């Protein structure tokens, strides 16, 4: 089977990391294809970027080469919007690393803690877990203070920050399992687990790949009964966007470039 | 003060209707500016279209003419995503008709019912209310079976459908106030209320305009403390999209045009 | 339009302060009338006094001069009972500063904290927010340790106490907006906000006045469908109380004056 | 031990009925004293009357003859406010028939249904159970359509109405135990239970008397730690009210006698 | 009336302590019979032992001498499973000390804290309270660090540990009442209460005995309508177990004796 | 890898059916071993039997031949207790078909409905989902009226009953995915899905096998941090039970054979 793993941002090195952990997690016979959107933010650290990414991911999916069919989609953004759109658009199962991490964690312990990047992402992640019906067993969500792209800069520092934050989740919040709360943390679970005395540490990409294999293996896909029925036929201006966009490099977006 | 009312879809006649009800609701001295995105779906009836619209609305906001400043934004999509992105992007208060309708309804009665378009939108609306922390007093969300663009076709039929559905919300769900669950229903509240014996019927556009006036009047705006801090400086490919898109008319999107 | 702002206790200086903030918040064309009950406690710091006040306020409303009609009622007690009774009794909209503060806060940030007077009021306020369906987004309720009437004694001390408590709400509880949790704090929001780096600080009296204007402006009032249908005709002994009470000054109530 | 059972309304025949069921439920050695307020509504069927009754009951308690000490208080209003005020005012345990009925029901079955008087009382009762932390196991609250004073008019009709409503609670809501949701239904539990095949039917007065005996028997009373600490010393105008009121008969309260 | 109090473990000295506190709590005319299972763990400190105990208790009940009828059952394990099985098996009311402690505490204060043995029991107790519908008013559950059998070793140390833990429940969690969270703490409530300034401390055995007296006194028992209908006739291998077991002393169970 | 699938009851034909569906669901390279307890009920239809089964399953696990190691355990009882005990006892991951079915369903649709055997099991299943933190997305649990052992008698009748009940779950409850709520329904999912127009139907045994493969594949197992730490060393009388029991056939258990 072939699983498409979608990095929600345009940073190719992160796509490569995510692909590597997905491949390491996949069963024999599972092929991993990884991709990132053709436009949008280089990292996602808030709602604004998350919503842009959601559309960019849907664009990428709508224009994915038809000669490269896939059996399941894994969306590798943690706490980010967009999954329900892909569930409408596609016939194959769609897994999300936020929910997959939480679900695997709930299989392994009574309650789980999420260790993520910036503190500002905490309410957003909690809201995604709430909507997914998975918040009850969440002991807490905590930020390390490292931005998404900072995670890759110095792995040792990243592991230390994740471990320190995870310790507080265990001791103060009562977490029994730790979820790595960013696609950019994929691959750290063994080091973090070792530093935490071997307690289970769940990487969402790995969990989602396994759950995608499970759904495909059982011949099951997204229900089309109500919420995720296919989009109705209608006019969508400039859609798909990438077909209309020139091949433009990323434009810088900084303070002062906003509307007012 | 000047309030920008954003229709989330590209149907200009709906923008006009929404503008009319906004103007009718505004206090003396409040100017209403209405706009729709420059690209995206002609109506929004699901998650896929909702996510496209969210990005299209953010694009519209990011490129809104700087010589047309506004003091508050009203987002006129019911149950649709995107508001949190605008709250990050803008310094002015951002009101959403889903939450505003629910909040005004909770001021007027013990529990409220939402009457919306298609049944498939029901879980999406419930999820938005859940995330907003407003679901507890919601007696139920019910669909009329009419699509967004069908609402405008035959107002008499629309009123009849809304009234019939509202009656069930009152009798079976215990609703004490009715919220009109689609920007395209704006303007019907008086007729619906009259048919329901005068019980309060809340239109979200009207509510959101009033709440925008309230926030601006008190000199308050979105907190930038955590969730809605401004986006961090970073590269965003092809952003803003509309600056890169040719002025393209809506492309048809129908069965078979999807990715697989 | 004319809004009656009801101070729940009999301390006239507090009525004057509340009136001042209400007037400062009102739109042009809105007239504020302020009143307090003719009997009952000089301040409200618990359930016993709250229940006396609820009846005293209803008495005041039932005997309010019929030649002084009002278009909306604002009840200026924070966390105190009684609102639902006024909603039954009156045909005009009834706003409550506890709920109004929370609702406005929810428009401005992801979660809000309440800073109130004594610690003993905390569970009472939480219960009111729970019943109102507004607790989910509440990050926490914290007391300053100052009693209601102490708030007026030394404004500088009061502001310092509120600011210190608000800081903990932000840092420890994750509050993104602060609500002033006592009618006696009305007027402090600017100073508190300035000390907190400009984050939004909501005064319930101001919020409720704005929401009263919104409801009246839209021609909406309390639903009479179920919960707040008018009282049924029946005999009520000694009602209204004030018509039977001699014009008695407040009797002292202290330790030992209770029933046993 | 001596238990004071307080009928919240001024209808003496209801006080007598409540006293009878309380006496029938009491253990040997328990003396039941029953009382009603000296002013206030003849029956309580909504929030307005409930709030008046709360103050009237507190007045009655504050002026209860000091030579008639009691060891516990049972408040016999179902779904009505006021209990927390009595918990502050008194040193002895205070039981409430709403909570007691629910608690006893939860000891006997998985979920319970409440059968009450008018449909308008349903949200009020649910709110009291919510605040009390007892709503989760409530299968539903249903009205019979009979007013409080109508209950006494024709017992056969009343039993039939209660039984019919209880059947729906069992069959449609999944109730495994039925709570009689009005002090005026006290005494009907055996007939209702027999008609329902012997399933447990809980009368709140009986439950509360037993729980009062339990608390007193164990030497336990209301915690004074936070919520129910004694009222602080302060001036309360015209308090206690009954000391200032002339001995006035009930004044009629009907349509048109309200404030506007 | 005769109440059977069942110690869930096989430690006879604990049965004796539990019996003593049950007798001290019982009303005149109530006879307490105490028993422990004929097989199973000497103490219960986790789910594995809890599930063994549940079956051992049901076995004990199924083979209880028929010439020793009882009118109610009190199950003296805190946070442990099994109660629902006894409710199916028996016709008499079944009280559980976890739920009884919480329910009595809720009659006495706004929120309660539970002080138990080991930290590992905390999630298990919370889950039982959640399932029972009693968690909302729980301010927190805290462990003392003492194992079940350690409680009896040095009463002074035990009281000190309980008091210290209870202080944190009051100060940090807002508990207004303390529940002793282990059958082995029965009898300490007076000392603990005295050390906490007289605040109410609830022992579950005492509470359950009183509630058993209440149910029996009112002629009420477990509903057989749905959840707790009698077991259906069927073959149960080796049942009752004790009829087939040799009279074997406890076999030691330690590290390495598990399955793998 | 080797997965042990444990039928909770002693009916060997059901073990065989469960084994067949587990094998059909397993990936190449996964070996399924199936077992049932050596004592206990022939089917489980309530709490009493569930608790017996929990202990019988733990006994079977504690005495499982040490030369037959397994890498994961799947517990095939729906809504039944015991899983947490196995999680303490074993070092390998433990999956439960109730939770696994719900979790897989939540990956496939917005909300799921459970179709089970007898109506009396409904509250028990809901409680398990509640404790597991998976109830929020549950649209409802409905019984078919067929007992566990009746399921096997006439497959056509069983499919018809499941399909009819599932239709109500979709139409009245809003379920988008159906979970088969009994281990004895394993193998029916394709027929039921076909009759429901191809909507996803989840069998818990299949889901749990897949999730066991996922956990083992990722090298993850139960957290031993708190809730599921290994049992402490202590004396357990007559343990393991099966070592002390004679090889006795099932004794009949019927009306009148209970304790009183």
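Chains: A, B, C, D, E and F, in written order; residue numbering restarts at 1 for each.
Operating definition for what follows: a residue touches a chain if its C-beta (ideal position, glycine included) is under 8 Å from a C-beta of that chain, and two chains touch if they have at least 3 such contacts.
This is a predicted model, so every value here is computed, not measured.
The equivalent interface to E-F, defined as the listed pair sharing over half of its contact pairs by residue number with it, is A-B out of C-E, A-C or A-B.
We define each chain's centre as the mean of its Cα atoms; on that basis subunit D and subunit F are separated by 45 Å. Centre to centre, using the average C-alpha position, subunit C and subunit D are separated by 28 Å. Our note on geometry: subunit B versus subunit E, Cα centroid distance of 53 Å, whole angstroms. If you average the Cα atoms of subunit D and of subunit E, the two centres end up 31 Å apart.
Multi-chain contact residues, meaning those touching two or more other chains, occur in subunit A at positions 110, 122-123, 174, 226-228. Pairs of chains meeting the touch criterion: A-B, A-C, A-E, A-F, B-C, B-D, B-F, C-D, C-E, D-E, D-F, E-F.
Partner subunit E is touched in their complex by these residues of subunit D: 25, 27, 93, 95, 99-100, 103-104, 106-110, 132-134, 136-137, 170, 174-177, 199-200, 202, 206-207, 210-211, 213-215, 217-218, 220-228. Listing the residues of subunit D that touch subunit F in their complex gives 110-111, 174.
The residues of subunit C lying in touch with subunit D in their complex are 10, 37-43, 45-52, 54-56, 58, 61-64, 66, 69, 81-82, 84-92, 119-120, 122-124, 127, 130-131, 147, 226-239, 241, 244-246, 248-255, 258-260. Within the complex formed with subunit A, the subunit E residues making contact are 122-123.
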